[in-house]
Amino acid sequence: MATKASRSAARIMMAPAVILLLGWMLVPLIMTLWFSFRVYLPLRGGDQGWAGFDNYIRFVTSSAFWPSVQTTLIIVLGVLVITVVFGILIALLLDQPIWGQGVVRILVIAPFFVMPTVSALVWKNMFMDPVNGLFSHLWRFFGAEPVSWLSDASLPSIIMIVSWQWLPFATLILLTAVQSLDSEQLEAAEMDGAPWHKRFWFLVLPHLSRAITIVILIQTIFLLAIFAEIFVTTGGAFGTRTLSYLIFQRVLESQNIGLGSAGGVYAIILANIVAIFLMRIVGKNLD
Amino acid sequence: MGQIQLKQVTKSFGDVQVIPPLDLTIQDGEFTVFVGPSGCGKSTLLRLIAGLEDISSGHIEIDGKDATDLVPAKRGLAMVFQSYALYPHMSVRKNIAFPLRMAKMDPAEIDRRVNAAAEVLNLAAYIDRRPGQLSGGQRQRVAIGRAIVREPSAFLFDEPLSNLDAALRVGMRMEISELHKKLKTTMVYVTHDQVEAMTMADKIVVLQAGVIEQVGSPLELYRRPRNTFVAGFIGSPKMNLISGEEAAKHDAATIGIRPEHIDVVESGGTWQGTVGVAEHLGSDTFFHIHNTGLTEMITVRAIGDINLTHGDTIHLNPRMNELHRFDAQGLRID
Amino acid sequence: MARSVTPRRKLINTTIAWAIGLLIFFPILWTILTSFKTEAQAIAAPPIFLGFEWTLENYRVVLERSDYARFLWNSIIIAGLSTLIGVAIAVPAAWSMAFVPSKRTKDILLWMLSTKMLPAVGVLYPIYLIFIELGLLDSRAGLVVVLMLINLPIIVWMLYTYFKEIPGEILEAARMDGATLPQELLYVLTPMAIPGIASTMLLNFILAWNEAFWTLNLTAVNAAPLTAFIASYSSPEGLFFAKLSAASTMAIAPILILGWFSQKQLVRGLTFGAVK
């Protein structure tokens, strides 16, 4: 259904979205690129001329850089693994006939509605607080020494908070996919004598691959950008400084725009590498 | 009014030319059927006439006026789609009224026309239902109702009966034929079913790979197929096409004889063979016959119930005056 | 793939499922419960689950301390308007992609999604400067624009997947019936896509409601939504568990209620129309 008229109409109708997003992408990007080559300290004399590649070199050679990249990747991968694995298990469970399925589903979705600032605060204070947190009560009840979660086990704690927020999403998508699995296929496999783990591995998992791809794509987009969870809990201390957070500190706390912008460019490059990688997979899986 | 003329029309998708230059005139009031195997370009041709696709070159004239660059709405044509394409969120009444509303017609006039159409199509009882609550045949009627209220200069049907079951199809076939007799409006009808083509058409256009193989009335096509493709496509069961030695006897590369033009005889006969499958329909019997010494298996249609079954020997007499002869290019020899 | 099982099996499954559901829900439940305790009860050891004296004192204090209504109103306006404008821009774009696809359609779609992967911090300062220049800092209008832009790719993508399920023949029928393009979108496509559009709007409303980078960094007082309201409870006030809980409950309650009431659409929305 394509005529010249409808094709030109399509171009016009697509224009607002494309132009807006192009502007949203290019304008700040060009400004960031520009600042990244300047010595720019708004509180200490403003724009002080060209910096060449100094900002780039300083940002990478700073002792905080590589740990922050590592932290970012650990958080993203950790949350992805936890949410996908538990998401599949819960989805398979919820797919079984159970009483009160609708209510259980509501309970499982609920964390998705909680804004990140709230969940970070609630977890930090009411659960992970080493003195009054629920976990410390629990630990003491079993005679163990309470843990200072956000300083002694900071990364796992953050991964756990973020996983709690994203588990509903993964579960729901995977549940929808599981429900569309053809039960005759499974029964045929059962007739053929395939044990349950083989049925899972050769039938269920391949069927879920598309859903898993979607989960990974969407979550990675959001996980690379997590901010509030760190801002509220540790403020980037105790080895929880992600690349995003490092740049945030350079820009806002140290007010070094040039350096922060160079970091921004690195982050953009990193995001693009991840994006290209993901888009490849997703592009294949999308039709 | 509703004469449609295609002049040197072509259509390409990318590098693939699906319709090579094609000329065709559809006369006002004519019931024209485009028929051919799937993928032959018949639906594409209809969509070109409708304006849902651009033609790559050539001209389309409707009532003598160039319509090549007109948008679908301005061509004065109405179309009935294979999937009916009813608006699922509107009642039957609103579906039928939609084209009139788009034309900004006076509401009283819209009501009058919708009610009239519903009357004609036996839809009055369902007028406030949604399409989802209707059966296939009723949906089909709504789609036709939506087409007729506009009083278009021509109707376009894109395989409208292919989603209906066999019994309903026969009924709807007659309804559409009757509608044509009543309205006397040009109708262009696309189908892959040659029975529909034979029973409904004033004029059949047989297409293959975007090329018109033959244009003519149903009986012309049946009696004088222009080539082996039309010969094999029109008629059911299919014409027997025989090549090799037997054809050479008649100075042809291929000879064709319709199953109903071969007589079953007690003994003797021009050909003899063994019955493979015998299909007893009561009124007719179809025999599929092997071992005749001919290049192809032969199908024979005999009137009545003849008591021969698998493995029996059968004697056949083709009627020589009904023999069709084709040359090496598959073209008819007269 | 659900099939019949023995009652015993069903009982076991039910028990495990409920246990997991309650475990996942527990932090929210605990927060809501704590919001009705006194501060002393909130940190009592061992923790009190239900046997406490219910009080509304915390809500009174929180409402007194900050202008909750203004934060709430800002959240509603910002999330609502950014979603509405986003959908208005995305519907035509998604129509183009779904019904007049070209070789580049998929590339454009993936490119749009990739703009979502641009790290916000990377462009925080430029946006900040632009906002100062245009006088948009701490304004609802500015946040509406930014949140609309960051969610636009997702809105386009979701609508695209929903539109693709609508048979093109119905739109062609509208065209044959004399509908102009705006009429085709307004009278035929949009009504048919209502469930999909509703899911899309719902999900994006929630995403905008919970967005916590731009809303924290581009607002101060006037335009600050509930994310900022709750962020002000970071330490040391956060140590007052009961008040923190009351504030948290007030911040999430509207969206929690909205989400539960529209569960069906939301489940559809959450799957981004991409999984069937």
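Things worth noting here:
Going by the order they are written in, the chains are A, B and C; count residues from 1 in each one.
Criterion: contacts are C-beta pairs under 8 Å (C-beta built on N, C-alpha and C of every residue); 3 or more make two chains touch, one makes a residue touch a chain.
Since the model is a prediction, treat every value here as computed from it, not as a measurement.
Ranking every chain by how far its Cα centroid lies from the centroid of chain B, the top place goes to A. Here the chain at the heart of the structure, going by C-alpha means, is C. Chain A and chain C have centres, each the mean of its CA atoms, that are 16 Å apart.
The mean-CA centres of chain A and chain B are about 57 angstrom from one another, to the nearest whole unit. Between the CA-based centres of chain B and chain C the separation comes to 54 Å, rounded to the whole angstrom. Chain B has residues 52, 71 in contact with two or more other chains. Those residues of chain A in touch with two or more other chains are numbered 1-2. Of all residues in chain C, those touching 2 or more other chains are 172, listed in ascending order.
Put simply, chain B touches chain C in their complex at residues 50, 52, 71-73, 77-79, 81-83, 85-90, 98-99, 102-103, 146, 150.
Of all residues in chain A, only 1-2, 6-7, 9-11, 13-14, 16-18, 20-21, 24-25, 27-29, 31-32, 35, 90, 93-119, 121-127, 129, 132, 134, 137, 140-141, 164, 167-169, 172-173, 176-183, 186-187, 210-211, 214, 217-218, 220-221, 224-225, 227-228, 231-232, 243-245, 247-248, 251-252, 257, 260-261, 263-265, 267-268, 270-272, 274-275, 279, 282-283, 286 touch chain C in the complex they form.
The touching residues of chain C, when paired with chain B in their complex, are 167, 169-170, 172-180, 183, 187-188, 191-192, 194.
Chain C contributes residues 1-5, 9-10, 13-14, 16-18, 20-22, 24-25, 27-28, 30-31, 34, 43, 45-47, 89-90, 92-93, 95-97, 99-100, 102, 106, 108, 110, 112-127, 129-130, 149, 152-153, 156, 168, 171-172, 181, 206, 209-210, 212-213, 216-217, 226-227, 230-231, 233-234, 238-239, 241, 244-245, 248, 251-252, 255-256, 259-260, 263, 266-267, 270-272, 274-276 to its touches with chain A in the complex.
Taken together, the chain A residues at the contact with chain B in this complex read 1-5.
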